[in-house]
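Take a look at the structures listed below.
The two complexes that follow have subunit A in common; it is paired with subunit B in the first and with subunit C in the second.
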Partner chain A sequence: MKNTLFLLTAALLGSAGAQKVTLDLWAHWGSEQRRPTINRIIDTWNKKNPNIQVKYTFVPFDQLPTKTLAAIAAKNPPDVVVIDIRTTTLRAAKNQASNLSKLGADKLQNQFYPNLWSTATYKGDQYGLPFVTDSRFLYYNKDLFKEVGLNPAKPPTTWAELEADAKKLDKKTGPVYQRIGFHPLYGSFGLESWVSNAGGSMWDEDRVNPRFANPTAVKTLTWIKDWTDRLGARNVQAFKSSFGSGAQDPFISGKLGMIIDIGGYAATLKKYAPNLNYGMVRIPTPTGQPGPGTSSGGGFNLEVPVGTKHPKEAFAFARWMATEGARIWAQEQNDFPGAKNASLSVTSPAFRMMSANMKYTEVTPAPPYAPSYGTLLDKATEDTVYRGQDPKQALEEANTQVQRLVNSNK
Partner chain B sequence: MSRASSPPLPRRQSLNGRQREALWGYLFIAPWLIGFLCFVLGPMLFSLYASFTNYDITSRFDWVGVRNYVQLLTQDSRFWKALSNTAYYAVFAVPLGIATGLLIALLLNQEVRGQRLFRTIFFLPKVLTGVAVLLLWLWVFNPQVGLINTALYRLGVNENNLPLWFSDPAWSKPALIIMSMWAAAGGFMFYLAALKGVPRDLYESAQIDGASPWRQFWAVTVPLISPVIFFKLITGISGAMQFWSESLILTKGGPSDSTLFYGLYIWQTAFTDLRMGYASAMAWILLLITLAITGLQLWFSRRWVHYEGEVR
Partner chain C sequence: MALSRPEVQVRPRPLRTGGPRRVGGLKLGRLLAFAALVALSLMVLYPALWMVSTSLKPDAQVFAYPPRWIPDPVMWGNYAKAWASAPFTRYAVNSLLYAVSVTFGTVLSCSLAAYGFSKLRFPGRDFLFLVMLSTMMIPGLVTMVPQYVLFSKLGWINTYLPLVVPSFFAGAFFTFLLRQYFMGVPNELLEAARMDGANELWIWGRVMLPLTTPALATVAIFTFDGAWNDYVNPLLYLNDERLYTLQVGLASFRSANDTQWQLLMAASVLVLLPVLLIFFVFQKYFIEGASLTGSVKG
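After this line comes the complex of A and B, so read on.
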């Protein structure tokens, strides 16, 4: 509407100047911490590009997917959107995200980390540009290591070492645990991540059909179950319910000796526990050798929704945002950017570790035909670990349900 | 509309009392009626059509006949799980909610000092809503440090027998039902208004006949406020059938799908899996179930609901 009015006025005045467009950018950054940075990024672009002005709209995180979907369905979408990295292929399959290869995205490929670039590749074409991501690490409390007679300079590198160290760190008064050394499902590393860590996958090669009951998955789930049985399923659950955030964080308060969390957790520790003596290392694997799936990450892609009136301008901005914009974002927000060059400008140790860990980090996109598979997999995991179901049987049941979802959605 | 039935007479005179009343009736419901016709009926019919397609909002919209319905009823175990969870919730939450509201209304109908203050306090659940309150409940039900488990522990329940509430499939629904009673307590206003309307002389006659307070309650109070109870029953059941936002925020349907309510499953199917056609079919099944239950209730109501002003 605004544009039409503008064009009309321009035509009436007979001015021949370049046509000015206004792009709508939607993202979930609205907090005091995030807002100034996104504003700075937009201002920088707007000053350089008087003819392509960007207007930023904050949409709350949990509403962003549905609002974007509704806007696309109503044929009035934002021109660029920052959206969950794991579901880009779904939106590509459903004709919601524009094919950026047609706008020349393919030649940008080597500017981005390959594990992130591939999250937005669907049937050989590119449907998004990686903006930010993360990578997970094992954090361990060096003081507690010393307390129980472990060498703080020798963190665990294999699953066996992890379990042995964890056992030493457990602390019990009577029947009640005061401290649990480590539990595979505490922190942000689920069954699927552990299976990747063990070198397996929950999917067939095209990531379309589920292969939940494969030997690696069954073995991994059994490993988690045995770990839980040793502590007592009830204890593991009850203990978890006492976890808080901020200064009540279980790792900060010493309730856990080790935990897996994203690289950005180092900033949390700096803020709430500046004196905590901790180490940050690669996540242990069964053999001690790292592989492409040793760690896992998430993050956000930039997409151009189908139906935008200015695809070329939108892509130009998305491209700048994913590279130059990401540089500003990384410097101010400490989130790890998807563009390689943007990550070089930050020199904090945690950042450099993340950079080095990228080749061992898998960002697993949700399969395009069963985006809600996670709920079913979680159920199988919990039923096994906490409620005594047989690992193989639970995984097979979940597999059947997800396969049905895939078949009916194809 | 009356013009058709009326010969040459002027319009004003053609409206007899009944017609005039009907006209006023329609006028009063007009805002709702217009809203329904403009904003609800269209989407409803659209979703009815969509329920026979593989609609995914953006890329396809093909007729698949009754496939969605057949799949739901014969293959989808989560559909039955969601339906039984919802039924479980309705069976307990609705009667308990009515009992709680009525009990509190009876207490707040007593003449004691500071009654206004109590009424204000008990009305708070209606004023306080939203995510903040739900997160507060999460702490109340916290297995380790929550109010409820602390109280149970003090009462002598063994540490290993304390419910894990939202972490245990057996206790997650009871926890939500207990939560809902708190909100239902705020509904006492309806009952209180009805209680105030019960003529005092009926109680006096009953007392003269020697009726105990308990007997008075069942023979006088309940019949006379039965229209309000009936209203709360109808709205309560249809509300319970659509109950799910709490589970989205608190449990995401877990643990083990124990709080996967019908609405949550519809929402997940429509907006996570993008199977809008399938979700529409689910919505229509729910509508049919709710209609059937409401019809049954209306039929049964003739046996127990008493309208004081009714001419029989």
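After this line comes the complex of A and C, so read on.
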């Protein structure tokens, strides 16, 4: 790998006539925890490539897509950007991300996890390289398991076991819940993730047209509704509002017995709750058997925005960043890299679990013609779960609205 | 912060009108009113107190339950750590320059425009005023990308020009606010100045502005506050981290999946201080201006 990189760099240096270029890299790492690592990665590259110098700029996470879009529209974009993995194909379709296949990206395919590689494939061509990802797990509090007489060595594997364990963990004083064992919509796993977990999908095969009211989706939403009804919709909402802003962590404080969160949550727990006795396992499925959509993930791709003045050099850097850079990143940060070799270079238990879980993790790209479908689907979910609407009817209504959106954007 | 106003207004009252000579019922009523006000202001202050409390916590107490209000140990070091984790001193200088120049530009241009709309007669004045008001109906997000492209074509990206220059072209809201206030100034005063041979610019500067300081102070404070807290615009137009402002710097404590709460809160407290200070120094003008009662009489 190092040799090919060296050759590649040498070739680039030769062809560029030793002319020095400076590449702009935008990403969202600005904290004192993240910055030293990205600086080290950039320094390593800059020392090896005196003629392709990279300048890193921190752009806050929530505004990075907006800022990048504006810069592309003004034809003054950065040369490489680390950006949301779910929306790469949207930028490909709108001619905002460069076609990397033309620069030779296709031969890199087998170096990356396939579920991640495909997030940046649009009409057979590649528009991004996976950098980091995540995968979700069920975290459960072993001490609370013991407290209520559950075996901490036997976490739930099916939906039925999950609900049975959760019931035991519920704790109520009068009408008020002190603790809720688990709720499917707490944590970062929504209706769509549960439908995938049950082996279904909310879309047709091409992920273009919504199929919200399919039997699996209706069944899943009904399951969540029944769960909520058992606890009381008001209780579920009131409980959620006590930790909704993120400044309180319900799992650390023992308000929840189990929660679904990303693999990196293990590092948060280590930092903020070093004494918490917890377990981290695969998310239960209806049958107990894992499938390709058992867990869900997100992450970041490296893209070369359309309009860069140095596409070749930008791609050379992006390629190095996605492989060698990702190795440094993985070793120093808790993010799971998209390049297989980089991920195997870290041997912590959490990383091994993540690596094993990749084939059960679905990273779903946003649907091309209705990227904002989420609010409509959330509304249907909440209308059903909290406001007593019929699951099938709510999903059908949302489906009609999203289909209208798709038709008008097509 | 604006919500601490009731407290400020109410406090002087008992000194003036209340006292031990009053009958018991009134005293009790006042006591109850105070108790209610204290309870309400505690509610309003709750997030601010929480911010200060979190800013002094060690890692393991940030999410402790039940919550601890007084951290143990008190981590004063969070402040130094937060300030040092990014070039915050530089950001502070940038924020200050940005806020001061925008405030100057806004007060200058809006008061000039408001003077024209309120005291000068010219054909099409009311129509133009209507057009200006209608620009308030267009949300900023809609014009964001075209505006960016425009400034990019002017070559202004990565400079403070797109942030500061527009403030010298009288925004609709503050022009409207000042116009309403200016209309309350009697024309006789202006006529007298005109008789003495003063031109309109002189009248604007020497008659109108001194008579309307509460309104101008209101505009200044709102503008300063707005620019100081502006997050999206600096972020959009500035590409060089050395040009970033405090608000952009604060975002560095947040990441995709984790937030360094105690450092974010410590830095937030520091960023909030100047605005608090300005409010306390100018609160007299601020309240007079906000209630729009200070028209000139006699």
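Just so it is clear, the second predicted complex is superposed on the first by the 388 of 410 C-alpha atoms of A that agree within 3 Å, B and C clash if a C-alpha of one lies under 4 Å from a C-alpha of the other, contacts with A are read in each partner's own complex, and residues count from 1 in each chain.
We adopt the following convention: a contact is a pair of C-beta atoms (placed from the backbone, for glycine too) under 8 Å apart; a residue touches a chain by one contact, two chains touch by 3 or more.
Since we're looking at a predicted model, the values are computed, not measured.
Ranking subunit B and subunit C by residues of subunit A touched puts C first. Looking at the shared chain after the overlay, A:E147 reaches neither subunit B nor subunit C. Of the two partner chains placed by superposition, A:E324 touches none, neither subunit B nor subunit C.
Of the two partner chains placed around the shared chain by superposition, subunit C is the only one that A:D24 touches, whereas subunit B remains out of contact.
In the superposed model, A:L69 makes contact with both subunit B and subunit C.
When the two complexes are overlaid on their common chain A, residue A:D125 makes contact with neither subunit B nor subunit C. Judged by the touch definition given at the top, the superposed model places A:Y272 against subunit C, while subunit B stays out of reach.
When the two structures are aligned on the shared chain, A:D390 is found in touch with neither subunit B nor subunit C. Put simply, subunit A uses residues 66, 69, 73 to touch subunit B in one complex and subunit C in the other.
Contact residues on subunit C toward subunit A in their complex (touch as defined above): 50, 54, 59-60, 62-65, 67, 81, 84-86, 144-145, 148-149, 152-153, 157, 231-232, 235-236, 239-241, 248, 251-261, 263. Contact residues on subunit B toward subunit A in their complex (touch as defined above): 56-59, 71, 75-78, 142-145, 159-160, 164, 167-169, 252-257, 268-269, 271-275, 278.
The residues of subunit A lying in touch with subunit B in their complex are 65-66, 69, 72-73, 90, 93-96, 175-176, 234, 237-242, 306, 370-372, 375, 378-379, 382-383, 386-387, 401, 404-405, 408-409. On the subunit A side of its complex with subunit C, the touching residues are 24, 28-35, 57-63, 66-67, 69-71, 73-76, 78, 134, 246-249, 252-255, 262, 264-265, 267-268, 271-274, 298, 300.
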